[in-house]
């Protein structure tokens, strides 16, 4: 960390006051809530599980952001749309007909697998197409330029899918076996949420193996570090970048399926907010870092779920859940003031020129 | 037929011309060096050969085959390798992974293992640091790693860009010894150097580059004797 | 490419499939059906037809361009085949729809669409007819390609202008009505479409103007270039005076609706000038710029509202400086914690601030003070010498004044020492710091000035609307302003105006596309960036940078590029550690 | 390059100067249409008004406009043009799209009116104040437009009603419910009417039902920050307290939220209430309903939503989770013959079930306008129509006992036209069934 002694006067002071104020507010609110004790232990556990399940989904989407960022240093604003496109298509063309014929309840696993494959393939195709048409020609342009085309692509896909499937909410049929709760170590947990958590863990492990162990994974890491040198090793940089997009998008496709399972409906605008949250999660965890994306997602999910009840309830603030994003972003600022590189990010000691 | 033939290449960065009609040849088994001042076009020449900087004009052939129709990553499969300037190692990968990346273009397991052993022979230090993350190596070690990684592609022609840059004099000598050793084992080398003294002492022939053009071409021994070269690049008045 | 001097089936296949997929897409998302009602030329041509057949025609034209030189036959065949192939996806859709009812999946594959695609001739005959139409179209497009340049160009400009007038006929008819009376407007335009005679006239006039221009244009240019400095100066001053007069009488020319649009453009341009200081000059990527816009607007609202929630009932002019000061203070307070972060971390934190402010103004927490979801009503309009500026063509002058002030300050800042310090930071923070620039303070200043501009824009916005709701202060405003300055050309002041014209004005003109407006907006963003990555009117420095970026590589070329710092992208720095 | 630009610029400027010169007299010309009425306006209207309200009278003499706000003339063959200003982009798109379909179907059913076609000019209010203002300006810049069906969102309605009112047009909103819009102390403007229910009415009715019919004494509400839902929640809470109930929690979520369990847990922890009212829209409404079943402590709580959650996709999404749940909404003859035919047409024309609930209000709004056109228009022998703008306003304001699919509409003096009857329905086999009040 560079010395910035000359600035450590009133700005430093302000920062300390700010930090102290946030921390005091949080602690005060927490204590007040605990004294007030409106929640039963069961409810606290529920809140935590809700948070973990929501956070898992954020984590899966955040990975796409982080992968692309790691390779291209680009905020892929359209990632939320990759998430939406896969599951929208799979719902209309696969899930609904399967449910209507009753096949889904006869063969739930096979059906979900089929939906997952379709969602992944569509998400991947959309991602690859977008990369090809809107990002690749601008690979050498200043970094804000692809950000703008990404925003453009985001609008485009949103309204394209709205045109395709209409603006209404489309229900996602959940197989009967996924309904209800399961008991794990004495804690009642919804089967769908359990699925989310388990699938996320499997996907994260799988992705880690893919990136760390396989030849393709290594080529992605090499391209992330230095595109020219990677090319000198015989790595097709364009191909590696395409694979990166495809990998991130397939994670988003799976996240889409999990979303549909938990919330049982899909909508053309469903990618926007989760996309934004996942982007936040990626930065929170340290953008560019896969474990960071996972941790950031979980942290964000937990804060959103537990935060309003824990910090604000005790302060007597009206409608605290309306302010959950405020808490999330304040926490983000707090984390970044203390750790500018994010929770698991590496320090910015060396600069990429 | 010469192994590598570069004819009249012109290359640009944006609108700024970097190469203004470079021509050179490299014969099989040679060490050829390109010397010149900072910004003369040496690195650009290597980058055009390795495919990183497609020229606007000119011709590059490898044993008669047109190289320009290939992209950078395809040229590696023609067994032309480059040790980039400033080492260009993958700082977050381990030493072993860096070497693996060098073998990315190959799938002959036995051959890879053989080459890996050969690299460890050349640079015993690398073997000690197999699991270390490359970013934490010293400058000399990074140069070794970069060279070793290039050797892992099993090249016939090795393009080396400023291998001595930023190294302590002791290390510079050992690097150049290694270069000669690699050459003796049958790899042709095109070497770009600012340290003209060292470069000419190991090379067979040399080219002098100025502002994107070749201004002089002779055997290394003759160049060492050339007055202008002595003055400009060897620090002899 | 002398070796490909023969027929290559891949070219028409590829082009045809691309065109076919595009045509299929616009059909199944409902654009064709929606726009089939909208005639460009009365009784002759609908916008839906243009949208449907644009891709086949364009791809056939391009395919003809890929034919070997001097081989007209192959070019024509390419065009024909491209057109033919481009119909196949549509035909597949028509036939498939016979077998299964596609509408259960895709609500826009309606009988109306099939009717349009088959020209109402039934499945088989209609499909054949469709194939014939696109094939002929492909042939014509290829033929157009083969015409000599001097004929082709006027035809194109004629077509483009005719389309342009047909597209914006609503505005055209409104203006015609104002200037020449209702009867004249009806003579030109029927409902929303050009009358065929008028369309032909427009085509002929614009095409011949184009011919004239290509013959005489060089001469005029030559004469202008030959002018001595004195008369050139005179001409420049003349232009400036013209410009100012134009600015002043613009509302008269535009009428109320276009003045309204112009007001939004000016307010956005005002914000653009502010964000341009933050992003364009200082290189700090701010995605939450709307926060200060909201602060300005709500300050104005609370100070001047005569409703239940107003506290002071102040006049607009008195409240303006307070709004600016409050937003500036907001900029300082929000800026201090985050300005040590770099690049994308800054982006997400500022985005967070934008969201925080939006949620806070919406929240039940602040509802007793600023109205929450029910908004803040009865905000005062500005009053000049007793005349309240109510109509958009009156209000225009307030927005214009704000915008001019911002432009002037921006210009002076860019020339001043502070401006150079910002640019130094943008290019390289470490070097700038080494030069003795106090990073945080300088950045903070950029942030605060940017915030002040946004606050001014917000204040004007609030009094223009006279009622504000949290919904107006969402993330899309930040995004739109950012897009505006990048599309305009980062760091460039005229670029801000052009960007605002393009990205605020255009969506207004695209109203025709109804629910596909944002889809078109997305396409426009992508196309603009692909065509001109440096922006519509790049600043001189950026232009230089971009010419470097144009080429294959810009990361490592120490030999060619001495001023290396300049080649770096501003703002965005980040680690990679996969 | 730059020379060419300068050249073009100067040509443009010269051209515009010429136009401006023409504009000076011309700008006054269209003004004749409106302020012509200014002078007589002071004294005459009292005399003129009843004349305007009289049914169509065939006058042999040339028509002379005596309307104080001016007249609108449609030549023979010219369509009567009605604009819509509804939200058809962005996250609320389905709300406005649905209403627009309602308008279109109403026009289809009307066919020709007095021998003239009906033409729709569809605009987007963007669900925002600036969107409403711009759309309003666009509409009033076109003198051939009769009036507006819109806006969708109250936030857009406030500035738009001002623009519309000042330009002497009128608007009938199918879905503005904010009380401020028809409150003369707040945002009311002459020329503003609505077929949607004022939040005050619906919230109070639901409170009445919960307290008096169901006999529940503790309740909680959740809104989503939309003016509509916030207004409903507010009026519900106030009425519920006024009749003696207890509000244990008044809280909110954000639009776009998906995970409602935390807020529901908070509600459970606060009471848990016997009755939970969340008058929010789709899709959040479905999330809320489904997840309420999964939250510990809310098993006994009676759930209820409002008409923002009455739609085909809501019914399908909520499905069996909606058993035992209540919906408040206008006392729509939802099972009526007309409505069934309407829904069939909708499905046929747009390929999907009704997207939201306000198509019915939009349908009624359009028919209300058409009915007034038939009443006040003066027709020449050649078919030319003359419609007085003030006459239209008067006629709309005097609407009484108008039978629509949302009930019997009667306008009060500030433009609230909706049938004040509110009904409560339940969901049975995917259909909403009215259960209260009993007929």
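In order of appearance the chains are A, B, C and D, and numbering begins at 1 in each one.
In this section, a residue touches a chain if its C-beta (ideal position, glycine included) is under 8 Å from a C-beta of that chain, and two chains touch if they have at least 3 such contacts.
Because the structure is a prediction, the values reported are computed rather than measured.
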If I average the CA coordinates per chain, which chain comes out farthest from subunit A? B
Geometric centre: closest chain by C-alpha means: C
Would you mind telling me which chain pair, A-D or A-C, is linked by more contacting C-beta pairs? A-C
Which integer distance in Å separates the CA centroid of subunit A from that of subunit D? 37
Whole-Å separation of chain centres (CA-atom averages), subunit A against subunit C: 30
Distance between the centres, which are taken as Cα means, of subunit B and subunit A, whole angstrom: 43
Suppose each chain is reduced to the average of its Cα coordinates; what separation in Å results between subunit C and subunit D? 31
Where does subunit D touch two or more other chains at once, residue-wise? 89-90, 93, 97, 225, 250-252, 254, 351-352
Residue ranges of subunit A touching at least 2 other chains are 159, 162, 166-167, 221, 225, 228, 318-319, 322, 325, 350
In subunit B, the residues touching two or more other chains are 52, 84, 92
Which positions of subunit D touch subunit C when the two form their complex? 3-4, 6-7, 9-10, 13, 16-17, 19-20, 22-24, 26-27, 29-30, 79, 88-90, 93, 97, 119, 122-124, 127-130, 133-134, 137-138, 140-143, 153, 155, 158-159, 162, 166, 178, 180, 186-187, 223, 225-227, 229-231, 250-252, 254, 349-352
Looking at the complex, which residues from subunit A come into contact with subunit C? 2, 4, 6-7, 11, 14-15, 18, 67, 69-71, 73, 75, 92-93, 133-134, 137-138, 140-149, 151-160, 162-167, 211, 220-221, 224-225, 227-228, 276, 279-280, 283, 287-290, 317-319, 322-323, 325-326, 328-330, 332-333, 336-337, 340-342, 345-348, 350-353
In the complex, the residues of subunit D that touch subunit A are 89-91, 93-94, 97, 225, 250-254, 256-259, 261-263, 265-266, 268-270, 282-283, 286-287, 290, 294-297, 311-314, 316-317, 319, 351-353, 355
Inside the complex, what are the residues of subunit C that reach subunit A? 25, 28-31, 105-108, 279, 285, 333, 336-338, 340-342, 344-345, 347-349, 351-353, 355-356, 359-360, 362-365, 367, 430, 433, 438-441, 444, 475, 479, 482-483, 486-487, 490, 515-516, 518-519, 521-526, 529-530, 533, 545-546, 549-556, 564, 568-578
Please give the residue numbers of subunit A that touch subunit B in the complex, ascending. 215, 218-219, 221-222, 225-226, 228-237, 350
